[in-house]
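Below you'll find the structure I mean.
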Amino acid sequence: MTTHTGRHFLQIPGPTNVPDRVLRAMSAPTIDHRGPEFSALTLRVLEAVKTVFATTGPVVIYPASGTGAWEAALVNTLDPGGRVLCFETGHFATLWQDMARSLGLVVDFVPGDWRHGVDPGSVQDKLAADTSHTVKAVCVVHNETSTGVTSRIADIRRAIDAAGHPALLLVDTVSSLGSIDYRHDEWGVDVTVAGSQKGLMLPPGLGFNAVSAKALEASRTTSHPKSFWDWKPVIEANKRGFFPCTPATNLLYGLDAALQMLLAEGLAQVFHRHARHARATRAAVRAWGLEVLCADEREYSGSLTAVLMPEGHDADEVRKIILERFDMSLGAGLGKLTGRIFRIGHLGHLNDLSLAGTLAGVQMGLELAGVPTDPSGVNAALDVLRSP
Amino acid sequence: MTTHTGRHFLQIPGPTNVPDRVLRAMSAPTIDHRGPEFSALTLRVLEAVKTVFATTGPVVIYPASGTGAWEAALVNTLDPGGRVLCFETGHFATLWQDMARSLGLVVDFVPGDWRHGVDPGSVQDKLAADTSHTVKAVCVVHNETSTGVTSRIADIRRAIDAAGHPALLLVDTVSSLGSIDYRHDEWGVDVTVAGSQKGLMLPPGLGFNAVSAKALEASRTTSHPKSFWDWKPVIEANKRGFFPCTPATNLLYGLDAALQMLLAEGLAQVFHRHARHARATRAAVRAWGLEVLCADEREYSGSLTAVLMPEGHDADEVRKIILERFDMSLGAGLGKLTGRIFRIGHLGHLNDLSLAGTLAGVQMGLELAGVPTDPSGVNAALDVLRSP
Amino acid sequence: MTTHTGRHFLQIPGPTNVPDRVLRAMSAPTIDHRGPEFSALTLRVLEAVKTVFATTGPVVIYPASGTGAWEAALVNTLDPGGRVLCFETGHFATLWQDMARSLGLVVDFVPGDWRHGVDPGSVQDKLAADTSHTVKAVCVVHNETSTGVTSRIADIRRAIDAAGHPALLLVDTVSSLGSIDYRHDEWGVDVTVAGSQKGLMLPPGLGFNAVSAKALEASRTTSHPKSFWDWKPVIEANKRGFFPCTPATNLLYGLDAALQMLLAEGLAQVFHRHARHARATRAAVRAWGLEVLCADEREYSGSLTAVLMPEGHDADEVRKIILERFDMSLGAGLGKLTGRIFRIGHLGHLNDLSLAGTLAGVQMGLELAGVPTDPSGVNAALDVLRSP
Amino acid sequence: MTTHTGRHFLQIPGPTNVPDRVLRAMSAPTIDHRGPEFSALTLRVLEAVKTVFATTGPVVIYPASGTGAWEAALVNTLDPGGRVLCFETGHFATLWQDMARSLGLVVDFVPGDWRHGVDPGSVQDKLAADTSHTVKAVCVVHNETSTGVTSRIADIRRAIDAAGHPALLLVDTVSSLGSIDYRHDEWGVDVTVAGSQKGLMLPPGLGFNAVSAKALEASRTTSHPKSFWDWKPVIEANKRGFFPCTPATNLLYGLDAALQMLLAEGLAQVFHRHARHARATRAAVRAWGLEVLCADEREYSGSLTAVLMPEGHDADEVRKIILERFDMSLGAGLGKLTGRIFRIGHLGHLNDLSLAGTLAGVQMGLELAGVPTDPSGVNAALDVLRSP
């Protein structure tokens, strides 16, 4: 076991590097969750978080992971046996539809190659064919954390409208919220699912549902058995700054601090920063002579970049060398991509020099693993980073 | 608004005062939840936590509140429409059976006066009468946080056995685990439900299910739709130190530290400390001339003491005065006890002098609120605390 | 060795309980002490700290203990062999004149009984007799930390003036600043010496000199060899927000936070709080049937109370019992008072209920040590604390 | 003002990046500095710190900056008017002899070009010429923080011995201790001066004197007036784990943690790590086509590298661009090197990828400032870092 000195490079696509300001905020003593100080905190946080979702509607915060927020989105809006349309954009889209099946829903799962986002044309075709409107919801992962491919939500919205279909649109933004431009209201999303541990720069432990009026209306009549995930008592208690269950107080302290940081930087700048870091990373990948997994430039992720290994080279071996030698964690290939890709997370609390260090580590790791690469990757990234 | 100096007295029956050592542990940087360092943490925590539950079986940890762990206990062990036997020992017992109904279960709810625990004789009678074994589970709250009354779990186990009934025994230990003697295995409990924010001395955000072999067996065949709460993938992934969903990493850091503290003090001493503090508190209550809500001395809670107000006095007014003047939070009366009681939490990270300060604040608050009391309460408590 | 649970009661007369907000502020990453962010911090802190000293002149902050600030006061204002007038009010006054002797100064040390402050009449007599003005400075400890006796600085100023003597007035406020009313400018003090670890609610590690124009003028011509303690380069560099030596950055973060807390509470309220806590403590001491060391009610300390033991009882034995049984640290008798008194610190970040817990611990400790006492002390204190 | 996201790069040659573990240790509550817990801490720290100085003799720890420790070294070992031999190796050597003069000592200051360390031959010549042994001490800065040049202490020791001169050897290791191989006992150093904020990975606020038997003997008879800096009462009180003045408790918590980290890594590995990072940095500097200030390869610093700017280019302009654009602090040229060099700190809690990020920032900053450079610096450094 190597002793490591200096700060660990946590460059997986989430959990991300939590700012020390947020960690300090989280270390304040826990308070009475039914007292006036807590109420003021809740009301402040609930207001600020709407800006990040770009919504004026309610945002429900759960003491749970993003996976829990997936479940909440489904059980609030759908009846048992309800039909949902899902798209195989990658590992997490697959897990989400697995969950839908486990919860007793019927899933239309449109196959995909894990290198493209959801095709809006396919959405329109599927829904237009569903003339009896048996499909109750369309589930889309905005940013596939397993592939670094985004789906174009605004276009998908337009496709649903073009089909004249009443299905709800449920979107997973776990690894895009606070990193990639996202607009719950403007894009007509019905439920936006998110988690704390990525662009929101918090440890894991909070799940989010932003809820449209239409989704809220649906939740009033759906018959899926639910209690913990039920939106209604949360939204009701939130009005006075409270929660029906004991909330994750110290994570809310952190959320308060993180939202202040995001809004002080400005969301436009936050998105620009992520896009620029993604561009620098792709420049490095190409200069090394490797291939970015995402096959459509309109769908590049601002949060992470998945790198395809040349034939005969094991991505996990590269990751292992990099972890042991340079104390950096990278994301593994998941599901059918195991060993074939590694993923560089460049989201959250990150700056140019940490990204440069990250890419330096990847470059050295590739060389040490014997992967044939051109050592010009870091410099190609610096060419991007030299401009603001 | 008064400016308060000095440390807030958080004397609600949870969340409790988190030790600064635990808060510091929680402020360590978030790490890769799929890396070797995290795996070692998980395995260490899962082993230590068993000691606190007094079990050798699996303990499932959710990134969720105790309420979530309630839901997990139900959906893993019961089929839709399954019948459960619940007892009205207080507000939380009522909420748990409300949850069971919301989840589509059929509930036999035995009424109670909120001053007694579950009557083992009643359990035996109800189950003996259920000759066709339609009752699938008995749900008991070990320590009713709303009343400060405990139920005698070992006796309830004996009652079930005496009735020769195969029902599962599900026990809520949210406000007793790590505070009041509890033995999952020895008492034949099938699912023990707990949360992080009470005797475990952590902020809220973790929920627990200790699971018997019989409960695990039941979960393999029950048909309640479940995904997030499903024990199986958690227990499977835990074997190598991982979780199927992103775990609440920083709360697990805190759990690691808190378990070390509890085990260093020794559970026997932990239980003795709580019982002694409860005794000192009751001595104060009686010396003031007030009544302890719990009506049976075999059922006194080691975690909290609920104090009945004399007729014509509003407990919430007393609490308000104490909060404003002495910066101490006490628990309110809940449900049908609103305004009639206040609750003094004396669980978790607490010592004699903090308890003395707490009781001093209550004594002054009662006097300031014009509640007729004898000012000998604090001294009566000190008479108890003077002995180890 | 007993395992202690709950928060340690640190009731020595300093270091005091550091607010967790200050501890968190101190845990921010260290920054470049020559950069713009640090400069802004310094300028903000230097401005705010003046309010606490009640001065418009410079305050020099050293990365040192209060003892260092004693030395700084002497070496900046006096020539080798210079004559200073000191008063034996207790242990720290004795140590300060010892230091003066070690530094080569000539000390007139007026004896005292350790139960009274400096007699202004004595100051006037001594100075009036010094017709050739050989005395260059009068050194007074405002609040004797070893005895809980204050000296009346305004009266001493008047005595110096009445004697028509040009001596400088050097005052140690280590255990009074930020706790007991103090006015550097109004009272015509030339150098006020302070430390971080008492009323300023910080850990030890910062020493302070507030400097009058007259003292600054003196420092320009004195010939005591000095470098680290030299005021001039500090005051010069401070103008732009910097220090000539590397400053104790993280303690300055803490000072910034602590000053914000003190000024938010308001100094008048801070002084009132301390005086009230001192009054409650004396009420307890008398109700126990014990004697407060301070013999003149005009000189009671707001920061601490020294309690005289009855003949035949060892104060250190009482302290030992209290530390082991109740996890509370009290101050020992120092120098000639060793074993004869113990000291209760009630300064800094303290509130009513913590004081009540403190006094409860003392009451139980006295009883356990077999000291004959009436157990009405805590209640006598609560009678005081019940009023705002 | 730019909003910065991500972690600031603090690459000045001290204060260095404090590990978050050390910051957390420092945020523990302050304890009684006269109690048993503190005593145990002191004894543990005093033992561990000896290993870092490579001494078996006493190490005196002051609540003060390294500058204070300079003063302590002088006033304990020298009489007023005593003669010391100093060498102009850079800015800090100059400041130290300035201090000596301020304290009334007589200084022989051997001029230097700020690109070389102390010439042992010169030491021998000077001392051999001092046949009447009027020189009482030789003062050497081991690692000149202003230039990145080390002096060869073992050779200097041999030079003193070769001259048969009894002068004491006083060595400043402020920016070398815990970074560059150093041996107090083996090299016959009499006083080693150090500070907390560099290789010891702490915030500023502690100063150190390691003291030889000969120096301790000298201190018993020297007549320099002293009190705060006096070694004797500190060494005496340290025997039982205490200090004569209030120590900087929370910085000692940090020291305890930092020493554990250094000794767990192993000093040999710590020195290797620093030397390797220095080598990588020099490789980058040369690849850029720039010049390292240090002119003798035997004297390269492991802690920092000073980079000479080409004629017509202002180092401070480069630093300003790098601070604004990349949120990295570099060291300025000091004294006669102002504007002519910048300094890259690579000491303390640093790893390969942070160094790579640092050098990437320097490379981009140089380009943006229009300094003619070859963009191969980072890659040259990676060629070094790729090997362990």
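We just call them A, B, C and D in the order they show up, numbering each chain from 1.
As a convention for this text, contacts are C-beta pairs under 8 Å (C-beta built on N, C-alpha and C of every residue); 3 or more make two chains touch, one makes a residue touch a chain.
In UniProt terms the chains read A, B, C, D = Aminotransferase class V-fold PLP-dependent enzyme.
Bear in mind the structure is a predicted one, so any value in this text is a computation, not a measurement.
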| item | value |
| --- | --- |
| Steps needed, at fewest, to go from subunit B to subunit D via touching chains | 1 |
| Interface numbering overlap (same over half, different under half) for subunit B and subunit C | same |
| Separation of subunit A from subunit C, taking each centre as the mean of its C-alpha atoms, in whole Å | 54 |
| Gap in Å, rounded to a whole number, between the CA centres of subunit C and subunit B | 45 |
| Distance between the centres, which are taken as Cα means, of subunit B and subunit A, whole angstrom | 34 |
| Multi-partner residues of subunit C (each touching 2 or more other chains) | 7, 17, 20, 23-24, 27-29 |
| Touching residues (chain side subunit A, partner subunit C) in the complex | 20-21, 24, 27-29 |
| Interfacial residue positions of subunit D with respect to subunit A in the complex | 3-7, 9, 17, 20, 23, 27, 261, 264-266, 269-270, 273, 325-328, 349-358, 360-361, 363-364, 367-368, 375-376, 378-379, 382, 385-386, 388 |
| Residue ranges of subunit A touching subunit B (in the complex, touch as defined) | 7-8, 10, 12, 14-18, 23-24, 26-35, 62-68, 70-71, 80, 98-99, 102-104, 195, 197, 203-205, 224-228, 230, 244-251, 323, 329, 332 |
